[in-house]
Amino acid sequence: MSEQGDALLTHVSEQGDALLAVDGLAKHYGGVRAVDGVSFEVPRGSLTGLIGPNGAGKTTVLGMVAGAIKPDHGSILLDGRSIAGLPPYRAAHRGVIRTFQAASVFPRLTVMENLLLGVPPWSGEGISASLFLRRKWHREERAQLMHARELLDRLDLTQHADSFAGELSGGQKRLVELGRAMMTKPSLLLLDEPMAGVSRTLVPVIEGLIGELREEGMTVLLVEHELGVVERLCSPVIVMAQGRVLIQGEMAECRAHPEVRRAYLVG
Amino acid sequence: MSAATQYYIATIVVYICVNVIGAWGLDLQFGVTGVLNFAFILFQAAGAYTAAMLSLGPASASGGFQHYLVGFKLPFPLPLIGAMLVGGALSAVIGLITLRRLRSDYQAMVMLVISVVATVVAESVVGLANGSAGLSLIPNPAKSLTGLTLQTQNWLFVGLCVALMLIVGVLMYGLVYSPYGRVLRGVRENEAAVEAMGRSATRARLQVFIIGGALAALSGALLAQFIGAWAPSEWLYPETFVFFTAVIVGGRGSISGVAIGAALVAVGIQQAVQYMPIGSDPTLLAALEWIITGLLTLIFLWLRPQGLLPERRRRYLRRVKTGFAATKLQESAGT
Amino acid sequence: MSVSDAGEAPVFDSVSAGYGGHEVVHDVSLAVGQGQIACIVGPNGAGKSTLLRAITGDAQFLGGRVWLGGEEISRIPSNRLIKRGLAWVPQVDDVFTTLTVRENLELGGFLLPRKGVAARVDELLDTFPLLAGMTSRVAGRLSGGERKLLAIARALMPAPSALLLDEPTAGLSPEMTGLVLQNQIPRLSASGVAILLVEQRALEAIAVSSRVHVMVSGVIRASREAHEVTDWDELARVFLGEQ
Amino acid sequence: MAVFISAVGFGVVTAAILAISAVGFTLQFSVTNVFNLAFGSVMTLSGFVAYWLNHAGLNIWVAMAAAAVSGGLISLAINEAIYTPFIRHGLNLFGMVIVTISVAVIFDHGLQAAVGPTFFSYTAPAGKAFRFADFVLTRQELIIVGIAVLLTILVQVALQYTRVGKAMRGLAINASLARACGVPTRGVIALAWFVSGVLAGVGGVALFLDISTFTATTGSEFLIVIIAAAVLGGIGSPRGAVLGALVVGIVTEVGAAYWNAELKDVLAFGVLIAVLLVRPQGLFSRLATERAIAR
């Protein structure tokens, strides 16, 4: 790790409570500065909100943290270790798990299988292990199945366990996606507009679920445009506009802040 | 049974085994993982040539009537094993180039081109594998056993093919019905999500590319040993299409379905055409086989894209329901 | 609100719209007067763009009717809308990137009589002098603001009676936003085009509009004359999700 | 030097034939997004139409014109009867590739069943030989080059300057915006299929004249080289297809002159694969970078 990285590491450990520390993150597309020097921290065990008007660069930030987008500049430290530029699957190995803006399930896999793909890669996934250690992975899978079953009960999806995920409604797909992410027991969960495309009856269900995750101590970074939801769930809240961070604080503070009001009304 | 009938039946069984093994290789790539390999037949050819060169002995010993590279006279399982290794290695090279560097739409085109290039190279570089005349007198391992009748030797080879097909089948079940197989199907369904869940889609694609290539090579090796000859006309690029049809008709991702599809399409159509009352003009018969293959693909894609025996839905609910109670009991007893 | 009131201009009568059968916009009714600008403002994800996209066939039309010039235009194929006088500028993919500026305009005038195209292109280049100097430049190479002006000019080629603008200032610099919103759009409406403007930059949009509709969660929360909207705090509260 | 120049001369003829077909292939692909592997079959079928007319006593160039029309009609018919229904049926890009291969296989072998496996050739004298520096071209070859130049320029001019040509380019890059301009997309797509078929027809007859004997599968065998030229130029760009054809044509003939005539295709494909590894969007394409071909 570079000297700069070490310096940041000490900085972070002094603070002691930031799980994710993003510093000077930037991404340009052609001449457009989608993200233009963003720095913020996500405290361990917090449900941090990331909000801002359209085109503020929230999803791009999320993509960079998850490894789907390579940043042009800046550092991303998870627990003091750099994850910037890792491919998505390597970021996932470090415990950074994301959901997508459009619910992203495996349509021709059953709901249960969708959840099982959330289990961190285990021994049964090697070619030789899948052939020669069937007993071993069967045993492991049994335990995972129990865990998945509990989650399905919690998500009220048990009766759909053997349905193809592609057959479900938009909101149920969202629940499957969330359940899959929960199966991984992530150290940092990135949620990108988890209420988008969800019917009005399921919105409170998902809100409740995310609230429970916070109660259980999971660290979550939530991008959401329904600010009522953000107010009820998130603390702190980071406000972005035009590729930059405007302010970080409690929702009520952010809302009262004239710059935030301006950003929302002026764009 | 007359000797001719016996030979006929043996031939059919060998052809079925060979095509089923090959179709499984393609199914692992296309049906299970969603990799479109339009150069598939190339790997079958690689296996056939390798098996031939590893058993024919040095080219110089043949009195110069055929020219080819290397040339060993290895005993029984080694030519087959060598064929699979070469098929897998060639897949690794081509896979590394195409699967990693190119967008998926170009992958298909480049594979097609590679397949054609390979045929042209094999035809024109005579020193490689005897040019367009191809290799002949490829030894059949069963026929090297002395003191047996020709028919017994034939049946021995049939037994070998059936045994190998069964072994490959068991391995296919092992791979596909496992957490590994689930990852492969995940790559087919949603690459971004599979990566977000911590699995490398490129790695999975490359792996099935190599395994599929090795299976294609095995099928080619057996075929070459059975016929005793192998030439570029056996593996023109449209032949890949026959395997695609077998997989589509049988049922993408379904192991038993694809076996049935391979038997029906790769062997069944040919046999059916033989018995049609349209004379025995070999061109007409071959043309008819192709037409039926093409029509069958269109009909299945339209009416039954999931195939004759669709991929089985993996059901867990009942297992979990019963198992759940039992485990709970154990847990509470343990603590 | 009745159909006859609006004359030539578009009228939305309890329109519902969404994607994949899932309703995002519920029961929206509004009208745009001839030669006027109506704007729909509201926070992210309120369904503003979905409403426009339902008419242009990019989202699903799930209920209600849309009228233009006394004729119903809901559910007609999108390539016939321009024949009825309705033009639109999408938020993204708003120009033909590999075509030149002139070709973009010419294609915008696809339905004009052949002889009239060149003259109409010249007219629009007069209206948008910024574009006049770059007629042979490829549209994909324009800056964001130039590109948006081209998109608007392209939509105006067949002299439509109504124009739908979907967030025309998204991604533009403040100067270009000023040029588009305060300069060009009012001039267009003065020439008699009815404009329905969807904007996130609420303040600037309201400043140029005659009527304002505030949309939240897929429904129109309030409809006012623009000059009546003075309580910015109230608006900010709506945008920032306070109840 | 003399060898080189005469090889370039052959290369130009090959490039001319390739260019006609490659422009047709790439034009249709960029407008409709169907990777049509039955293009070679359209070439062959129209080539046979010309053959029958030619042997009925018609001049080969008149027969070529007839082949052009029939190529256009066959192409249009395949799209209307098979491809469009399959797309409406919800088949994706790769499913469509399999459909087009099926169609190619059915057509080629259907034709083969009808005409047999024999070789055919037109009755058309190669004509007087003309000498340019070190390369010699027959009258026939000159006419083919002329037709190729004429047709590719015609296509280019039509795309550049006519109303429908602009609509076609607009449709290829942004279909929804083209509809917003009032472009009747169905009609323009049908036209693209027709034009592509016309070029396939002319390209097929030119090819068969050049190689002098052909069978029921010659068009499909040659298709890979056409695809190589189109992909090399950057698929979706007619101008790129012409340049790609020139590169492929000249590289193959020069390679054949100096190296091994049998291996000339290998050389062309080698160039293609090398280019794709360095520049996956092709040499000259603007379009391919702007537009995701796969969905």
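All chains are identified by letter, namely A, B, C and D, in their written order; residue positions are counted from 1 within each chain.
One rule holds in what follows: contacts are C-beta pairs under 8 Å (C-beta built on N, C-alpha and C of every residue); 3 or more make two chains touch, one makes a residue touch a chain.
Just so you know, these numbers come straight off a predicted model, no measurement behind them.
Counted as hops between touching chains, the shortest connection from subunit A to subunit D is 2.
For the pairs B-D and A-C, the count of C-beta pairs in contact is higher at B-D.
Chain centres were defined as the mean of their Cα atoms; on that basis the chain farthest from subunit D turns out to be A. Between subunit B and subunit D the centroid-to-centroid distance comes to 33 Å (mean Cα coordinates, whole Å).
Mean C-alpha position of subunit A lies 35 Å from that of subunit C. Between the CA-based centres of subunit B and subunit C the separation comes to 57 Å, rounded to the whole angstrom. Centroids of subunit C and subunit D (each the mean of its C-alpha atoms) stand 42 Å apart.
The multi-chain contact residues of subunit C, meaning those touching 2 or more other chains, do not exist; every residue touches at most one other chain. Viewed as a network of touching protein chains, the structure reduces to one closed ring of chains, two contacts apiece.
Listed by label, the pairs of touching chains are A-B, A-C, B-D, C-D. Looking at the complex, you find that subunit C touches subunit D at residues 56-58, 77-83, 87-88, 90, 93-99, 103, 106-111, 114, 138, 140, 154-155, 157-158. Here subunit A touches subunit B in the complex through residues 66, 68, 87-89, 92-93, 97-98, 100, 104-110, 112-113, 116-122, 124-127, 129-131, 134, 137, 141-142, 145-146, 148-149, 158, 161-162, 164, 180, 184, going by the rule given at the top. On subunit C, the positions that touch subunit A within their shared complex are 19-20, 22, 43-45, 143-144, 167, 169-171, 177, 199-204, 217, 232, 235-236, 239-243.
Across the complex, subunit A meets subunit C through its residues 31-32, 53-55, 170, 193, 196-197, 199, 225-231, 255, 260-261, 264-267. Contact residues on subunit D toward subunit B in their complex (touch as defined above): 35, 82, 86, 89, 91, 93-95, 97-99, 101-106, 108-110, 112-113, 116-117, 224, 227-228, 231, 260, 262-263, 265-266, 269-270, 272-273, 276-277, 280, 293-294.
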